[in-house]
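Look at the two complexes coming up: subunit A is in both, with subunit B in one and subunit C in the other.
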Partner chain A sequence: MRSVRSRADRALLVVRYVVLGVLAVLFLLPFYVIVRNAFASSKLIAAAQWNWLPDRWNFANITELFTNSDVEMGASLWHSAVMAVVQTALTVVVALLAGYALARHTHRVARLLSALTIFTLMVPAAVTFIPTFVMTSALGWIDTFRGLIVPGMFSAFATYMFRQSFLGFPRELEEAALIDGANPWRTFWQVVVPNSMGIVGAIGTITFIGSWNAFLWPMLVTRTGTRTVQVTLSQFMTSQLVNYPELFAGALVAVIPVLVVFLFLQRYLVQGVETTGLR
Partner chain B sequence: MSVPAEPRGGLTLEPLAAARRRPTWGRRLRGRQDRHLWFGLFVLPFVAGMLVFVYVPIAWSAYLSFFDARATVTPTKFVGLANYSYLLTDPEFRSSLLVFIAFAVLIVPLTYVCSLGLALLLSGLRVAQAFFRSVFFIPTAVSYVIAAMIWRISFFNGGRFGLVNSLLRQLGGSNIDWLGGANYGYWVALVSLRLWLQVGFYMILLIAGLNRIPSETYEAAAIDGAAGWRMLRYITLPQLRATTAAVLMLLLINAFQAFDEFWNLLSGVNGTYPPYGRPPLVHLFVISLGGSNQDLGLGGAGTMILTAIIVVFGVAQNWFANRGADREER
Partner chain C sequence: MAGLAACGSNSGLASNSGEASSSGASGGAKPTLAQWYHQYGEAGTKEAVNRYAAAYPDATVNVTWYAGNYDTAVPAALLTNSFPDVFEYANGPTIDMINAGQVVDMTDVLGASVSKFNQSVIKRLTFQNKIWAIPQVIDMQLLYYRPSLLQKAGVQPPKTFAALVDAAKAQTTKDMGGFFAGNDGGVGVLGNMFVWASGFDQLNSDRTALGFLDPNFYDSLAAYQSFYKTNALLKAASKDWYDATPFINGETAMQWGGLWSMPDVQKAFGTDFGVVPFPAMGASGRVAVPFGAYSSCVAAKSHQVDAAKAFATWLWVDQTADQVDFANSYGTHIPSQTALVPQCSKIAQGPGKQAADMVANEGFASDIMWTGPIGDAFSSAITNVVVKGADPTSEFKVVGARAVSELKRISG
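Coming up: the complex of A and B.
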């Protein structure tokens, strides 16, 4: 009886690994297609018969992409990098400060602001892109880094997450610092933040990936001066001048930064998803 | 309410003395040890930003929605509810809501089932669990623009090339025009793209949910003879109820905001968009900002309607969450 059971279990385990292996190949297939297309020729990408291997490994696709004056790939990468780094830093700082204050104060104003934050959480920024666009263009911020970065850096989501995290942060540490004469500002930066790097890493990673991959907002507010890499690739894809190998070389270059962030900060990301998805 | 914060002198029992020593307004505003001042300093950037970039714009948009505001943000021609009545009777706006409903009906259950399937496949594995988890999670880092590029050019190309048509021909079928709008093929592309991109995210959430189920519960059920499907049906799924409710609501809210993959899969040369496959945000963009003539009155009215819909979702979510919590306490 026992041996029959365990043999069935073993068979089931083999089936599980086979299924997982097939699924893993399917999930990685799009990444492989980026690589194949980035080094292949236009002819291969547009061939009627699907080819698993590129007809050649042509690294010139990448240099051609960066010298193609219709695409401005280098500038777009720079704009995306500025946007993602600055927006992540500012979003985290603004939300850290507010989340900490909302966790440590319980008077009427603090409760009202907490409620307002939760209400704002319900209305995603994507749904109100027209009002935000009206405001940004009224400020004269179209095609500036300010217009690209500032409207998206007041995150009710990040503030709420930090508030929840600080509610569980031991007050004794801060009180010791306050008794030693440090003011709340110094206490916050020297005691509270260094002991909260887990949640900072989690929110920071999520914000960075979202910022680097953002499409709708950058498409609305950027022109040639600040166009980000996602917008550039989207426009190149739908322009009459499109060149498929160069397009996919661009996708390869644009996906590497987030994959690096992903691989190095995956631990934070998993922790972030776990703590944020279910409030 | 107005408890004086200062330590009082010896005559505290006498009301008059207490009244005389009541702190000044400035003192009260700053609070004990300037607590209120510090509070204000910490929340000011966030509150000011929310006001300027969320609430004032929404109020402004609400105002614009009552005007004929074409290519202006300071309109003069009051039109009452005309923008609202136009949108609500416009077959295109209604069909954009139908596109959202169709998309949600497809993507919400499919994502849930696939994420749960992956989470269950991975649970309890001794070898290579972390590897498989990373493989399924990694597409989360890819942008919709790049995913749409792969889907549109290499997988579901309408022409004679593309992986899927190539496979179809090998199996004796003929080419399908996936994205051209002549059939519903574009739904296959839209749904499979979003599945690939987001399944890993929800898998992580569900793994966390599964890990919260105490192992004693499984052991007790196993002793009672439960296994396989019955274990899933009577133990795992009921225990996962809170996670499931949260995941389904997140999926629904995210489906409502769909823009990027629709735009990048279906839009034509130089920013034109076909008449089919328009979810609400795409439709709003096309009618309000997409053309050469910006119609911000119409855009404002559309924003108000969509915001109202999403607030209803949010309220419903809170209601369900509270109800679920009540039930678990019982």
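Coming up: the complex of A and C.
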């Protein structure tokens, strides 16, 4: 009886692996198409007949991105890196402090501020988009890193997530530090934050990926001085034609930093997805 | 933070900072103007517009070549202090830009020169007896076919929709569709064609309601829906309708496309291709082609409206050699000034000339009061009827009500 059950279990396990394997291949297929098209000719990409392999491994598509002065891919990658790294750092710091304050203060004002923070999450971004843009312009921040970064560094989502995390943080650790003579500021940075690196990593990873992939906001506030890589990629799609080889080559280059971040911080990303319920 | 502190403030919008205005006011110094273009796909266009701007003697013109969603970026920029003095916009400014006072009346600078332009385009740019932009070049859509394939199938270039369906079916093979108008089955790009080719206009004569809520229009939609169900209408190709690759690849025997693709088609097939307008639909129908013209507008909040108007006039009225260069050297376009058409080699003869004649004789442009909300409601109804088989009368009753309230809103 036991052997029958174990055979059934093994069969079920095999079926599960096969299904998961097939699904993994399906999900990876678009990424494979990016790689194939990044090195293929325009003719092959647009061919009526599907081909699994590129007609040639044409690295010129990649080199053209960096040698074409009109594209400015190198500068765009730099602008995206500055935006993503600085915005992530500032978002995490601001949200950490705000989240901690909202978690530790329980009076009426703090509860009201918590409720308002949650309320802003329910306002569609499209509603605040144009007013934010008008304010950014009024400050003279068009085509500057300030315009790219500052409006996006106040995240109600991150604040809320940190608040929820700190609500479950053991107060005993903080009290022990206070007894040892640490003030609240030192207790926060030397006790609370080091013991909350999981949620910091998760929020940081999610913020970085969102910032790197942002399109609409950079499209509006950048001109030529701070154009990000996602806006640069849109140059290959015009109303008259789509330059597929350079578009896919650019997409391949643009996805590499996110891939690197994912490889190093995937543990935190998974934790973030589990914690936040993000898809 | 160092990155933030180091960031500069280069927007290319010096004219709006006040500095250029003051220098202009003090006399002597040339004003500085910001001019925006959307990103054209044809190689060399960016260099050309920079060259034209650099040649202007009376102002320093900084050209911004806007990548991305230009149609969203311009209205947003006009709400701020980081806007262009001169900008192009598809078919001129929107009715909302005009009503909000964001653009200036260009009637005075056009003056008597208005008669030099294609009058259909001028009509499109006219609202409340004022002309709101200067047309640049005309783009249009048309139907590509190959005479050799038609001859093999024993059919003629289609002049009616029934003939188009017959020709598409006759040329369809297991490897090639008969007709292609986009990967959505043509419902996106052909929507307005159903109106015009059925013999109607988008709006009624006093622009208070839709002008096509008629059984003949519904019959046309029914005819297209029947065609949609056949495999003669290709619904998935390697590229979309605005790129001639499916036609060139032999994925389709006929394709609805743009005039801008004609050099590619000519290169692929030599003389073995022809063009016709969209065929007449139904008993009251007529052949039709849609056209549009990016047109040069001047922002009302510019500190140098007169200088901006003078520049736009200099470029798009006076500099006829540049206009011919712009229309003829980068892709294929039609100059807005009709006298310049014969000077453009690509449209001086053959299919190019036929296309130019189609615009003059059978061309239609979207009404200036055909706004985004009306267009969105219309597109949804077309999709529901053609793709999902919904009842056209009830679908367009909703669109009609939406249009009436929208037209009332924009009429004040």
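Operating definition for what follows: the second predicted complex is superposed on the first by the 247 of 279 C-alpha atoms of A that agree within 3 Å, B and C clash if a C-alpha of one lies under 4 Å from a C-alpha of the other, contacts with A are read in each partner's own complex, and residues count from 1 in each chain.
Please note the rule applied: contacts are C-beta pairs under 8 Å (C-beta built on N, C-alpha and C of every residue); 3 or more make two chains touch, one makes a residue touch a chain.
These numbers come from a predicted model, not from an experiment.
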item: Simultaneous placement of subunit C and subunit B on subunit A, clash or fit; value: clash
item: Contacts of A:146 with subunit B and subunit C, given as first, second, both or neither; value: second
item: Touched partner set for A:106, first subunit B, second subunit C, both or neither; value: neither
item: Which of subunit B and subunit C A:239 touches, first, second, both or neither; value: both
item: Which superposed partner A:46 touches (first subunit B, second subunit C, both, neither); value: both
item: Partner touching more residues of subunit A, whether subunit B or subunit C; value: B
item: Partner chain(s) touched by A:220 [first = subunit B, second = subunit C, both, neither]; value: both
item: First (subunit B), second (subunit C), both or neither touched by A:134; value: both
item: Contacts of A:69 with subunit B and subunit C, given as first, second, both or neither; value: neither
item: Contacts of A:86 with subunit B and subunit C, given as first, second, both or neither; value: second
item: Offending stretch of subunit B which, after superposing on A, collides with subunit C (from 38-46, 110-118 or 182-190); value: 182-190
item: Subunit B and subunit C footprints on subunit A, overlapping residues; value: 45-48, 130, 133-134, 137-138, 150, 215-216, 220, 234-235, 238-240
item: Subunit A-touching residues of subunit B, taken from the complex the two chains share; value: 35-36, 38-39, 41-43, 45-47, 49-50, 52-54, 56-58, 60-61, 64, 73, 118, 121-122, 125, 128, 132, 134-147, 149-150, 152-155, 159-163, 166-167, 196, 200-202, 204-205, 208-209, 242-243, 246-247, 250, 253, 256-257, 259-260, 263-264, 267-271, 281, 284-285, 288-289, 296, 299-300, 302-303, 306-307, 310-311, 313-315
item: Subunit A - residues contacting subunit C, complex; value: 45-48, 70, 82, 86, 130, 133-134, 137-138, 140-146, 149-150, 215-216, 219-220, 223-227, 231-232, 234-235, 238-243
item: Complex contacts: residues of subunit A adjacent to subunit B; value: 16-17, 19-20, 23-24, 27-28, 30-31, 33-34, 37, 45-50, 93-95, 97-98, 100-102, 105, 107, 109-110, 113, 116-117, 120-135, 137-138, 150-151, 153-154, 156, 159, 183-185, 188, 209, 212-213, 215-216, 220, 230, 233-235, 237-240, 244, 247-248, 251, 254-255, 258-259, 261-262, 266, 269-270, 273-274, 277-279
item: Of all residues in subunit C, those that touch subunit A in their complex; value: 1, 3-4, 6-13, 38-42, 46, 64, 67-69, 72-73, 76-77, 79-82, 175, 237-239, 242-243, 245-246, 249-251, 258, 260-261, 331
